[in-house]
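Each structure below appears as structure tokens.
Note that subunit A is present in both complexes that follow, paired respectively with subunit B and with subunit C.
The block that comes next holds the complex of A and B.
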């Protein structure tokens, strides 16, 4: 073992060479552009843009919408996905593989497509209002896609598969014998859930929330299709850039968006193994 | 039967309340799967049926046969389809060439600063795609857009490669490589004959992940596209805003054609746990 580790230590420069392409890519395609954006946004002009963005109600509202919508979608998808994740990890029944495939399918859909699917279901002549009119005579849900509720449902659509994936692997890692021991000691179903399962799952729950929150904060295509009367932060970036040529505001908004996402991610990751 | 017997016999669903709870959990799972797939079924139906409830005067009604519909999509958005195909063809090999050696370095030959580099790479996944595309535009807006798109796609796929391959490497016993070395094999041969064959499933998995992400990427791509350099998801946005439902549905079906088999293959390779961090 001593020899092997000595050999590996001797080979350390090899490690640096192996990671060199990544280092070069990261420095040129991520770090340099981001630092450039930081530099231009923290300069004098950038300071004015930052003040303007923080003063303007439109931007503040868009940022607030983004945060609230992402938090709601994050919590909602966690609640919706918890039971299916447990079923996929622990239960067994015919058709389970099909159910998992169907639940995970939306993982790779781009946001615009999720927006379109929401229109297909809840647009002004969507499937839900059409069926509802056939059944009850009233087109229930017509145009719901364009409301905040519709946007929330669209976010849930792409967050539920993410939450399911993350929680399922957590349920798989959960040691079973602890639960069995508690049961032999006479602990009831709810006591075990409250005192064992949830505390053991806490890191996974936090990381699931982080994954879904950051995916929602960055989501752009869904709002591009659906947002009519309100806005979210990525949409404001797009509008500033393409509509008003206001590069300074777009840059500051990008930085705020990225900063909020990374800070929430760090906070939730704290204490994660 | 005593409670302790649960440790001996395989646990069977118990009758009564537990059974009802289990059935309810399964029903919940099945309905969730059904809810998630319904919009796709409605969309596919729209692309393949001669339905006219979306309006007789729409362009769709004129080209309602599925054949003409797909021909129309191809003639209008074919160039975007080709661009996305060539983008994927470039991004997948480059992402593997950057990510696989880096994963080997992080797991087997850590150097000073390697854990920093790894953490920084993985944290890209938490940066909103539009923020990175704006940064790329400001810093290098004059470069050819195709290569800016490649850079943006690599930023969101290389971390997936690093994580997938590193996870697999951690499960491979390093003593196998040590054995090869003590038997006199030079490092190149150890990599070629021992490490890479054992890594093949995870590299395949990583390639599939990169493919599906790059094929559907919109957040980081849309601002980088131009009318001439347009990805297929950007074209999807155009059909959603300008074309009628059957045309948009047909374009969506074309988008899904490669995604569904790739996702099934990812699941078959056991990659569910590694798909986290995909942006929407």
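The block that comes next holds the complex of A and C.
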């Protein structure tokens, strides 16, 4: 037994005590509710509810919307966040802290608020159609807030900051000397990006995609305000619970949401060494 | 640095502790469905705070959500009372979520607007109407009838609340079925109309869109008439209230005391006060008709559409409405909002 592992063994009881608050929190805030959810959705009514959820278009379409929107928001936010994250990680410029704070600001807004902001911009008489009417005579974008595109833009609004945070720290860890060495050896800008930077960043890109995807899958407040003519899965959970006190269907939908999110997360994690 | 930090931490703790102490001493009544700009609950609760020192916090739940919450919390009640549109209050009482209380002034509530045991009672009434922001119509004429609403002029302009969320809209969905020739078990006529209307509907909101109508975001909102009068006379908006020519429906809005209410005495005193002329007149400021006759101030009465218009409003059978509620709401979800 090496010295390091002996020390680790001695530290274990103390470590357990230190972790106890977190464990208690985990048990009460995660484990118990999840078990309760499993109980209500896997019982006798649960089987019935699962069949209904898998059979009826309303639920299936809501789940499909959720998956497509989350995938799009996840990919879109990655693309949009790459440049600000790169600049924040690699460059120093005056006002950098202010710039970072501004980029992160949407993370502090609740979903309902983001929904209302989207209405102000892209509602039937929102700012965008008003300006467009002034410039072109046609109210372009009027009512877009109520469409899937509007919801996608609203998701981007709070997923871009999330992706920026995740990518920035990855960019910061990127070893610069490897890049310099490659340049010395005569590799061009694109070769370096393709053969070095992107492979080195791949794990961070995958985990960023996973984070933003799962956050979008669970997002509720924005959809509550905007998704008025179509639905996403968290809204169906709300409708079943509040409109019909149908715990079983709500529970089944929650479990399906969680299962899809976990599977996507595992797929993205594969190869993320 | 260190002593300063400790000092700061102590100050924060002291502040938190004094906050907690305040909450402990503060007198409260918890009412589910207490939306400040619906029926002037904001004004009513502020007035009660002034006269009785009791706080009634705002609560954004619609009727159906309020009932669902009472049901969920039945074993550990949090709320003292709830406010509903009539049918949902009736349903909540039938589910055993209420306890009886007959407030002072009980005899002044008409017999068909209260439960004999006091499980629910009407606090004011409203009529389903079109609330039209005339400036936002883009030149289209003000719609006068349910038939008008189907015209392509109004595409994307109409909203009514999701009936699985709000009781006002459930009243509309049930009522339109009666108007179209359906009944408590035969829902096709109403659902057919609403399906045709769907082509013009912009939104089935699950929160109050009062401000959206004011801004012109939603030009036509099918909702309680009082909300429209308030936009017009209190907020000065270019809003017209229309009683459709084919007829419409009156809606009692009811209170029920929650079973196991944590503040039972305070709730009973609050209920007593709600029927006083002062409280009734306060509701009237938002143009919800007081249930107690003679408490509607004359200047406000003059601002309503004439009684002849209201002659076309019919009342609906609350027991039948409550019985149909779950099935009809689900049928609406499946056939009108549908899968998309």
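List of remarks:
Note that in this section the second predicted complex is superposed on the first by the 252 of 273 C-alpha atoms of A that agree within 3 Å, B and C clash if a C-alpha of one lies under 4 Å from a C-alpha of the other, contacts with A are read in each partner's own complex, and residues count from 1 in each chain.
In the analysis below, a residue touches a chain if its C-beta (ideal position, glycine included) is under 8 Å from a C-beta of that chain, and two chains touch if they have at least 3 such contacts.
All values derive from a computational prediction rather than experimental measurement.
Contact with both subunit B and subunit C is seen for A:125 once the two complexes are overlaid on the shared chain. Of the two partner chains placed by the overlay, subunit B and subunit C both lie in contact with A:224. Contacts of A:91 after superposition: subunit B is touched, whereas subunit C is not reached.
In the overlay built on the shared chain, the residue A:83 is in contact with subunit B alone; subunit C does not reach it. Contacts of A:244 after superposition on the shared chain: subunit C is touched, whereas subunit B is not. The wider contact with subunit A, measured as residues touched, comes from B rather than the other of subunit B and subunit C. Touched by subunit B in one complex and by subunit C in the other are residues 119, 125, 224-225, 241-242 of subunit A. Within the complex, the subunit C residues that touch subunit A are 64-65, 68-69, 71-72, 136, 156-157, 162, 164-165, 201-207, 212, 215-218, 326, 329-330, 333-334, 337-340.
For subunit A in complex with subunit B, the residues that touch the partner chain are 4, 7-8, 11-16, 18-19, 21-23, 25-26, 29-34, 36-37, 40, 80-81, 83-84, 86-88, 91, 93, 95, 97-121, 125, 127, 130, 157-162, 165-166, 168-169, 177, 180, 183-184, 210-211, 214-222, 224-225, 234, 237-238, 241-242, 247, 250-251, 254-255, 257-258, 261-262, 265. Partner subunit C is touched in their complex by these residues of subunit A: 56-58, 60-61, 119, 123-126, 143, 146, 224-225, 228-231, 239, 241-245. Looking at the complex, you find that subunit B touches subunit A at residues 3-4, 6-7, 22, 25-26, 28-30, 32-34, 36-40, 42-43, 46, 53-54, 97-99, 101-102, 104-106, 108-111, 114, 117, 120-121, 123-132, 134-140, 151, 154-155, 158, 162, 174-175, 178, 181, 187, 212-213, 215-219, 222-223, 233, 236-237, 240-241, 245, 248-249, 252, 255, 259-260, 262-264, 267, 272-273, 275-280.
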